[in-house]
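By letter and in written order, the chains are A, B, C and D; residue numbering begins at 1 in each of them.
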Amino acid sequence: MTMANSLISDLVVANRILFSEGVLDGFGHVSVRDARNADRFWLARSMAAGLVEARDVMAFDLDGAPIDARGRAVFLERFIHSEIYRARPDVQSVVHSHSPNLVPFGVTPVKLKPLYHMTGFLGAGVPVFEIRKVAGTETNLLITDGRLGKALARSLAGNPAALMRGHGSVVVGESLQQSVYRAVYMELNARLQAEAMRLGRVTYLTAGEARAGAAVNDRMLHRPWELWKRKAMGK
Amino acid sequence: MTMANSLISDLVVANRILFSEGVLDGFGHVSVRDARNADRFWLARSMAAGLVEARDVMAFDLDGAPIDARGRAVFLERFIHSEIYRARPDVQSVVHSHSPNLVPFGVTPVKLKPLYHMTGFLGAGVPVFEIRKVAGTETNLLITDGRLGKALARSLAGNPAALMRGHGSVVVGESLQQSVYRAVYMELNARLQAEAMRLGRVTYLTAGEARAGAAVNDRMLHRPWELWKRKAMGK
Amino acid sequence: MTMANSLISDLVVANRILFSEGVLDGFGHVSVRDARNADRFWLARSMAAGLVEARDVMAFDLDGAPIDARGRAVFLERFIHSEIYRARPDVQSVVHSHSPNLVPFGVTPVKLKPLYHMTGFLGAGVPVFEIRKVAGTETNLLITDGRLGKALARSLAGNPAALMRGHGSVVVGESLQQSVYRAVYMELNARLQAEAMRLGRVTYLTAGEARAGAAVNDRMLHRPWELWKRKAMGK
Amino acid sequence: MTMANSLISDLVVANRILFSEGVLDGFGHVSVRDARNADRFWLARSMAAGLVEARDVMAFDLDGAPIDARGRAVFLERFIHSEIYRARPDVQSVVHSHSPNLVPFGVTPVKLKPLYHMTGFLGAGVPVFEIRKVAGTETNLLITDGRLGKALARSLAGNPAALMRGHGSVVVGESLQQSVYRAVYMELNARLQAEAMRLGRVTYLTAGEARAGAAVNDRMLHRPWELWKRKAMGK
């Protein structure tokens, strides 16, 4: 298998895992930067993640233009990916979802913060992108062009994730395995944080705990990946 | 496949999807208006949606009378469908369910409102039908005749959905795909709105965001439909 | 199939449904009164409901004694069934479970009440059996003899259900189909009532609505039964 | 089958059950003390519990050193197991998990207490291990050496379980069946206790009820085990 084939095959698995684990439903997408050409990334054609196969994966440039569309429909929000890859050379993979437990944190003043070592990557908390600040109060909330993509990337800044008010979230990683891990556990952290806040005063991770917790878990990414892959691909 | 056959086949799929996605259980139903005769609609015989097959689909007129019953039992609440089709020429499909997360919004003063672009169709919020206002405090809550169906249709008015106090909800669409989409995401919005209200002050969509969000999602209805169909039909 | 065989076969289905629908787990049980001998009832040997087969079903008398044990272990709490059958000639089936959403209502002062027509059978609300009143504060909470069974039956009185503080619940019916229906929807009502109470002031069913709602649903019991049976038996 | 083989085979089942019942995901682990050599215990190599097979099980001594690693990666947190086995001769099995509903109880001042007879083993409530007290505020939260394992074992003391702040929990048993039972129902108790606390003042078990409830359930451990095994092993 060539490197590109292997990346595409992993991207298919990532799509299926994110569906199987409840991060993506009929909407949302995951991409990976091309391993040999940092100005390109791979993303499925416009379709549900749970049905993606290798032939559905397309290459895009950093303006969000498909390299070789061959008539396939493309995601309206491919600019989420292109502008984050442009702004963040460290990022190799991007997940955009409407995963349910994150939506309430996007529309209220409560900050999503790491509750346990599994989500240490959330650090001092997740910024919220408010599209009204850049495009007014009449948008469809979507990131449908490069200008909006750039604004989202500015909100994301150097963080691993950003919530999008009234829409969903974006999470990035240095690999597909890392962005998928973060998408699954950020969603879980939201559920547990909401629950903990109802019980009483919450002790969050310190900055040092968050950093150290993230560092150790980053060395374990293959472990959940193998499990999720088995579940998602049914093999 | 003739147009009627294709519509019936889609109605079977809609039944199975609404069961598979947790909107319908042993109760509730979905109908579609006949494509050639606007005074008729298709609806399963009285049975659980999750078991419906093409042979279970029957035609009804706008008085809720079956065209050709052949001894098959009919839903007590077929008047929900007949009276909405009569009052709303724009409506091509109706879903009536007791989907769980909507029930609490029907029995409390809290208004169900759109939290994110996926539910922009909820607009300024969902009206609640109170059967006590038209039939007193001793009913079985069901819409068992044309008079109650007309009262429900008046509550629904020009909206895409109405909650029914102490009972469930009704949601309509310009197509089966749209009513199914709305039923699934209205249920999800209820869960997320309840959660968000417990976290803090909620920013709902503006009227403009709701309209624009609904418009863009209405062009994507095939995407979740294909996914849900695959899950529900097991193919 | 003889009448006894048919009843036993339905009891197997009831066991599997109650497991499949999340009412029973490794614990809890369902019984049915013998159709020809009102002083006998059928109940599985001591085992998980989800694994019950026809050969596991045993007959008991109204003292909770097995008619023909043949070495099979019996449930410690068979007296729940025997004493309710003794006290309530109208009852043909009894379900005892620890279904999760009911547990909080058993240990707090909040009364479980019908939120919608599906649970009209709950009437004016569900009584709570407090074992401390009859056996002190050092029991294992279980109904392990006829005296405790009688006390539970007194708490149940003429109601369709009773909660058991720190333990679970019991629900009865005029048929297996009815007790199973009630067990599933009482559990759901608990979840939705808790949710509604957090949203705001709740409008419960009136006595008349509860009665009329229960009456109409009692004529539909075959509908969810067929669906649940298909799911539970995998056919 | 030799005794060791039988124990390893049960440990595989325990791994699969804990995954299937939602206690373990890609992380967490379960061990069992060797039946013939109390200074050794069995634990899978570093991998997801849901994928463990007999060949993945390794023996360790009470310093957490593998007896015969043959190149297999070991869990960073094997010291949870080794130090508890050292400190608690009565313990034959240890489960360490991040099961979701327990996390909020670890990071808030609310004490996890038994709500019903199924969790009588929780006794007067579950202690919380705060790693900051022994290793400061910059750790990765993990129990990565014998010193931290000893500190955790001190927090656990004579209890059946301890929560780990910002991390997860540990639960022990006199057998695999008992530690698995406790892990599943402790997780459920957390969900139900949080729910009950929102409803109103909660009546917890008395010390006598907790003790008697635990005693009777300890004689039933085979019942859920058989059910869970069937679900988890797909046979």
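To be clear about the criterion, contacts are C-beta pairs under 8 Å (C-beta built on N, C-alpha and C of every residue); 3 or more make two chains touch, one makes a residue touch a chain.
Small disclaimer: the values here were computed from a predicted structure and weren't measured.
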Q) Steps needed, at minimum, to get from subunit B to subunit D via touching chains? A) 2
(Q) Give me the set of chains touching subunit A intersected with the set touching subunit D. (A) none
Q.
With a Cα-based fit, what is the angle in degrees between subunit A and its identical partner subunit B, given to the nearest 5?
A. 90
Q.
What's the farthest chain from subunit D if centres are computed as the mean of the Cα atoms?
A. B
Q: Count the residue numbers both subunit B and subunit C use at their shared interface, divide by all numbers used there, and answer same if that is over half, different if under half.
A: different
Q: Would you kindly tell me how far, in whole Å, the mean C-alpha position of subunit D lies from that of subunit C?
A: 32
Q. Subunit A to subunit C: how many Å between their CA centres?
A. 46
Q: Identify all positions of subunit A at which a residue touches two or more other chains, and write them in rising order.
A: 198
Q. In graph terms, nodes being chains and edges touches, is this line, ring, star, complete or other?
A. ring
Q. What are the touching chain pairs in this one?
A. A-B, A-D, B-C, C-D
Q: Would you tell me which residues of subunit A are touching subunit B in their complex?
A: 25-27, 46-48, 50-51, 76, 98, 100-101, 103-110, 137-142, 165-168, 194, 197-198
**Q.** Touching residues (chain side subunit C, partner subunit B) in the complex
**A.** 115-118, 120, 188, 191-192, 195-196, 198-206, 208-209, 212-213, 215-216, 220, 223-228, 230-231
